[in-house]
Amino acid sequence: MISSHLPFFKEARTGFLALFFLSLPSVSHAEGLDSGDTAWIITATALVLFMTIPGLALFYGGLVRTKNVLSVLMQCFAITALMTILWVVAGYTISFGEGNAFMGNFSKAFLAGVGPDSLSGTIPEILFSMFQLTFAIITPALIIGAFAERMKFSAMLLFTGSWMLLIYSPVCHWVWGGGWLMNMGALDFAGGTVVHINAGIAGLVAALVLGKRKGYPNTMMMPHSLTLSVVGASMLWVGWFGFNAGSALAANGTAGMALAVTQISTGAATLAWMFAEWIRHGKPSVLGAITGAVAGLVAITPASGFVGPMGAIAIGAISGIVCFISATTVKRALGYDDSLDAFGVHGVGGLVGALLTGIFAAPALGGYAEIPGIGGQLWIQFIGSAATIAYSAVGSFILLKIIDKAVGLRVSEEDEVTGLDITQHDEKGYNY
Amino acid sequence: MISSHLPFFKEARTGFLALFFLSLPSVSHAEGLDSGDTAWIITATALVLFMTIPGLALFYGGLVRTKNVLSVLMQCFAITALMTILWVVAGYTISFGEGNAFMGNFSKAFLAGVGPDSLSGTIPEILFSMFQLTFAIITPALIIGAFAERMKFSAMLLFTGSWMLLIYSPVCHWVWGGGWLMNMGALDFAGGTVVHINAGIAGLVAALVLGKRKGYPNTMMMPHSLTLSVVGASMLWVGWFGFNAGSALAANGTAGMALAVTQISTGAATLAWMFAEWIRHGKPSVLGAITGAVAGLVAITPASGFVGPMGAIAIGAISGIVCFISATTVKRALGYDDSLDAFGVHGVGGLVGALLTGIFAAPALGGYAEIPGIGGQLWIQFIGSAATIAYSAVGSFILLKIIDKAVGLRVSEEDEVTGLDITQHDEKGYNY
Amino acid sequence: MISSHLPFFKEARTGFLALFFLSLPSVSHAEGLDSGDTAWIITATALVLFMTIPGLALFYGGLVRTKNVLSVLMQCFAITALMTILWVVAGYTISFGEGNAFMGNFSKAFLAGVGPDSLSGTIPEILFSMFQLTFAIITPALIIGAFAERMKFSAMLLFTGSWMLLIYSPVCHWVWGGGWLMNMGALDFAGGTVVHINAGIAGLVAALVLGKRKGYPNTMMMPHSLTLSVVGASMLWVGWFGFNAGSALAANGTAGMALAVTQISTGAATLAWMFAEWIRHGKPSVLGAITGAVAGLVAITPASGFVGPMGAIAIGAISGIVCFISATTVKRALGYDDSLDAFGVHGVGGLVGALLTGIFAAPALGGYAEIPGIGGQLWIQFIGSAATIAYSAVGSFILLKIIDKAVGLRVSEEDEVTGLDITQHDEKGYNY
Amino acid sequence: MKYIISIIKPGKLDDVREALSGIGVTGMTVSEVKGFGRQKGHTELYRGAEYAIDFIPKIKVEVAVDDNLADEAVRAVASAAGTGKIGDGKIFLLNLQEAIRIRTGESGSEAL
Amino acid sequence: MKYIISIIKPGKLDDVREALSGIGVTGMTVSEVKGFGRQKGHTELYRGAEYAIDFIPKIKVEVAVDDNLADEAVRAVASAAGTGKIGDGKIFLLNLQEAIRIRTGESGSEAL
Amino acid sequence: MKYIISIIKPGKLDDVREALSGIGVTGMTVSEVKGFGRQKGHTELYRGAEYAIDFIPKIKVEVAVDDNLADEAVRAVASAAGTGKIGDGKIFLLNLQEAIRIRTGESGSEAL
């Protein structure tokens, strides 16, 4: 059993590798705890929670029409609460329990055996489980962008809850919990496949199953407050340091580099989208700049512990352009209604990032991972992405169909016109 | 004299126990400083400040009517500034100066002797004093929810300032500064009595002394922006990690567990309130969900270093239901106008938490405190709560009456109708 | 070569002193890394980024008229992206490359040689470079307050980008990168000259070169949302802990004291401005309170590692009063249109702070710096400020004139009336 | 038919609505306006300068009524909105030539 | 000339605008209003209490038209705004004495 | 009595208010509206698509005046609001049958 405080281990190729071994029931050895690493991961946990509430809530909330703003905020907030309980009950153990190559066993259901003294590497395991929880919160929350403005609140709870347990947690186990993708050598530092491809594909499927919003695409559906969306995007940017640099699970050089490439990729993607739009439409839009930033954040996520500053510029710039095309031209051409571009940005950006990680992680290109050649690694990255896409698509489709039968997915047309705030919650976002 | 870097001491039953001993004038021994603990407490200090501005300011600010939004923001902001100076001058020394069982002496007035090299346990004492300051800021700020929309700004400054020095600081000394409740073994990890019961009771008294808002309860007084309130509640949730996990005063397993139970209790309370309201009124409201979250945060506060995940679920669920009843049915029945439910959530939630701490801290129930049996501890918890209620109620009443005589507590009816923003500050919250 | 982990060095008179030596190409010695210090500086980096987006963006965004809110948010956001790339390319090496007394050389262009293992003192150099980047982002962002509501977006990008490389980075080198002011013994812990005087003067020059907004000063130009501005100011306050306490580059007593004096100065300045206005105009305004807070934050910045609590009260109170006068009476008298008081608060507050640092850093006045007598230090502080003022004024003027010739600085009068949101970005801040 | 435009205090809308419903008015349209009459506004502060704000928030209530209800409607509004204090508001009565209910196409007083 | 005030559903503005443009109306003024007629409002929840909100958001469209266009304009609005459901709205027709185009000083039907 | 409805540019409200006060008008009601006439709107961008926004923000000023003040009031508004550019606005004059001051119950021109 490898001890987690060996230096090379902290810089290991997969951010969460340590956990697989160390999350086994273990006697307390608080001497192995590093207060600096612990300090950083407590903070990172706060940052990633902050990404969902209020970060993502505001980003998405600003983009919908006034009559639906509360519904979006409420969905993010309720997801945060619901995933917390489900994670404690079963999500954590499915993801990080010992188990087999496909899912964890139930040895850690209800966080059994995770006391204040159990360690995961150099940090308390209870802290590790909470850090991971924040990922299990934001991933289903990302999906809601695809079906915003038309799904029933009850159906949304059922879908995101079951999705987290049955889709997210197994994929998390594959990649970070000692499952088959981890063993195959797939590189996913902070969640390109687990989080972004996974959520993006689920969003696309949900958008297709639910159908378009009434009036789409002919009616203008302008964001009711881009001001809020800019605030939300800014919070996502800042919080993403917790996401990516936190995935080092330590306060060390890998964390520092993960933070740096996150910042650099995001800067590059923001500029890329902005200039692409400026050239194409004559003006750079604010919505473009902030969406570009999110694209850059998404794309660097799987790569963040493995690439250097130059790789970050490349990944950022490419993802900015590709997502610009996918969220505008492609979406318009294909005609599905991914309301807030959950698929167009997270799905597509996650895929771009997962594949480019296989390229720019190479030491020859300024990366820091030991990989079996760019071609070989690309193939592994492709397998990881394809498996996630397939599992997420099929699984999400089945869940949606079952819930549709059970309670109905979509609000009535009249309720959609009135808005979800009044019809689902008897409240309004603003009473000026 | 017990050295604070002994492991058992960091996990001591009262989060701030170390301080009583270590805040004595001490020679600098910077070798005792732990950079990881210090890193976390700096961050925690930032997080708890963030809870008040902008967190609580937004939560409360969104709940009032448009014409009073600035008054609420201004009250939170001015309280932050005022408490800072008063704490430096006398609050810190009353709370944590050596003194007797009831209050500290004035040896640390003006932070005398608290240089960059003095330590409090493993962190700089100056940092400890600032971390504690953030508690002394948010506690009076919580009270303003009870008298929102009708108190004079001048009276508010006088009341909160004198209250912090004369009510908060002594109670802080009782519980954390080496006073009688600490010695009796009262468990209050992060401020169930000191902060929440204390502020909640002061709020109730203030609401009664000031009387109802004109038009209450017949006129609808809808929150002018639930959007802002959701943002504020989200910030409170995130910031509360600083509050509770910071109260471990170290980056260790206790901090990790405090963070975890905070998250879990809040999730449980959010869901509890949400489903309770869903069942009772047919729809889950956003205001309910976010208030439920705050109730869960409040109730877990005293328990956070002592209970485990299962205790957290219980405390969260119970506080969610109890506060739902207290802020709706009970308030309506009794007829007082606690504008933003400072008492209904913080007072009641704090009491629920203080008592349940005595139960779920028991190792038999998954807790981590050495207690003299559940019954014995419950009795101690009851004494602590009762003493705080009595002192806060009487003290607040006297202060309010004196200030009413001196400058008048309440704005004129006409000013109340016009709104506090224009009448107290000659400004408006929005000029769209 | 002095090793940076000697205790006295961490408390060195110039916060960033360590870097000059340690940022030389160095072999990896990860054993020198302190995880606690690293944890804190990662967090501090997040906090300072948070100051710009969304902090400053909201503070400034709330102060403009509805039709220009997005333009301000977009400027802050685009600056964040642009500076990130420019800093990686050349800004970092101009600031912290070895070079001469006036600027760094290009040895670190594209962050050459800054891998995950290079250290800067006890933290990874890549982290140090990112922490510094956040300063290189906020400084040009501060300037936009001076020319808000009238500058072309394209001109703004050209100006802030070239200004960061040609004005900010050299001054940064002078003071923190081993340049002449550092060698002379100028005290600037976290950026009184480098950041605030520098940005404030550039803002004044820009306000003069661009001219007044149409209608100024006769038309009322009320902040469209003081609510947002209070939120922004609150975020600045919290984030500033990263700015000042982060400049200790370690989690130690100096960081703790820097945090404390930041808090105390800000409290004092808030109250000072508030009471000054209350006395003069009969009511304390919210805009006054939050601007006072910013003034206090600005003024304590250069002093934050060197002064004690009493010095902080003095610096805060003085800066609150002086900035109150400069942003109201003086601005009105001189007639320039510094839209959001970038000069009146940052320029003036920075100067007040830079000079008072020379006084209150003296151990006799409760400070912690070894200085050559108050008079001598004041003279050095004066030289540092004067040099920054001169260089920034002349340099900014030249850049503005060149850009005016190239693309034009100011939007057409019609576009100014319509608002920058529609004319520069084809979007609106709100669609309620 | 008459078209009655009333400018009232914001807090009086509920009373006015009830008074009108009471006499059988089944529909009305309201909007937020600002105005001034004898009642003066307030002062706002910006960067130490005081600005006089002339306009005060008011509510505008529009109802179309049959001729025989007009007087009663005016009286109902006046008594419901009145406090005897400055700023109580005004009522304006215009002649309404035609009214149409879009849903049914009914016109004239049947449409009200 | 006639002054036509139409209260329509928010989602129907574009249709109404096009219908009016179609018959040659070259200008109009719209505002956000709230109202009720036969259509009732909704319920809002606050701290466990339910409040009935009577008023529903509507759009008010005002157009001044020449006499000979008036009937056609009313018909255009009615058919563009109608869905046959409750809440479709109302049209009110007032007599317009004079219209002036500020820019040119033109008056009467030339000003429209 | 006359009821004068003026649609003006947002930036012109202060001038119009002063002009009207200058000729002895003691009250008025304003509201925010959107409209179009000859002046066209602007374009807004969303996800790479451009949308034409027809409506431009305007201010609607309503004043009730005595008959003998009507012409003067119209002229005052016209000259204060005019810039000679497209989008200057329009003035509509309606006949006002009755006006009531709620506070006192005064009616007719005394109520203005």
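Things worth noting here:
Per-chain residue numbering starts at 1, and chain names A, B, C, D, E and F are given in the order in which the chains are listed.
Simple rule for what comes next: a residue touches a chain if its C-beta (ideal position, glycine included) is under 8 Å from a C-beta of that chain, and two chains touch if they have at least 3 such contacts.
The structure displayed is predicted, hence computed values, not measured ones.
Annotation of chain D and chain E: jointly contacted by B, F, touch as defined at the top. Taking the definition of touch as given, a chain qualifies here only if it contacts chain E and chain F alike; those chains are A, D. With centres set at the average Cα position, the gap from chain A to chain C is 33 Å. Averaged C-alpha coordinates put the centre of chain A at 52 Å from the centre of chain D. Counting partner chains per residue, chain A has residues 34-37, 39-40, 43, 222-223, 251, 281, 283, 285, 287, 425-428, 430, 432 touching two or more of them. Annotation for chain D: residues 31, 44-46, 50, 94-95 touch two or more other chains. Under the contact rule stated at the top, the pairs of chains that touch are A-B, A-C, A-E, A-F, B-C, B-D, B-E, C-D, C-F, D-E, D-F, E-F.
Here chain E touches chain A in the complex through residues 11, 14, 42-46, 50, going by the rule given at the top. Residue ranges on chain A touching chain C, taken from their complex, read 7, 11, 34-37, 39-40, 43, 47, 65-66, 222-227, 230-231, 233-235, 237-238, 241-242, 245, 250-257, 259-260, 263-264, 266-268, 270-271, 274, 281, 283-287, 289-290, 293, 308-310, 313, 368, 430, 432. By the touch criterion stated above, chain D contacts chain F in their complex at residues 2, 5-8, 31-38, 54-55, 58, 60, 74, 77-78, 81-95. The touching residues of chain E, counted against chain B in their complex, run 44-51.
The touching residues of chain A, counted against chain E in their complex, run 215, 219, 417-418, 422, 425-428.
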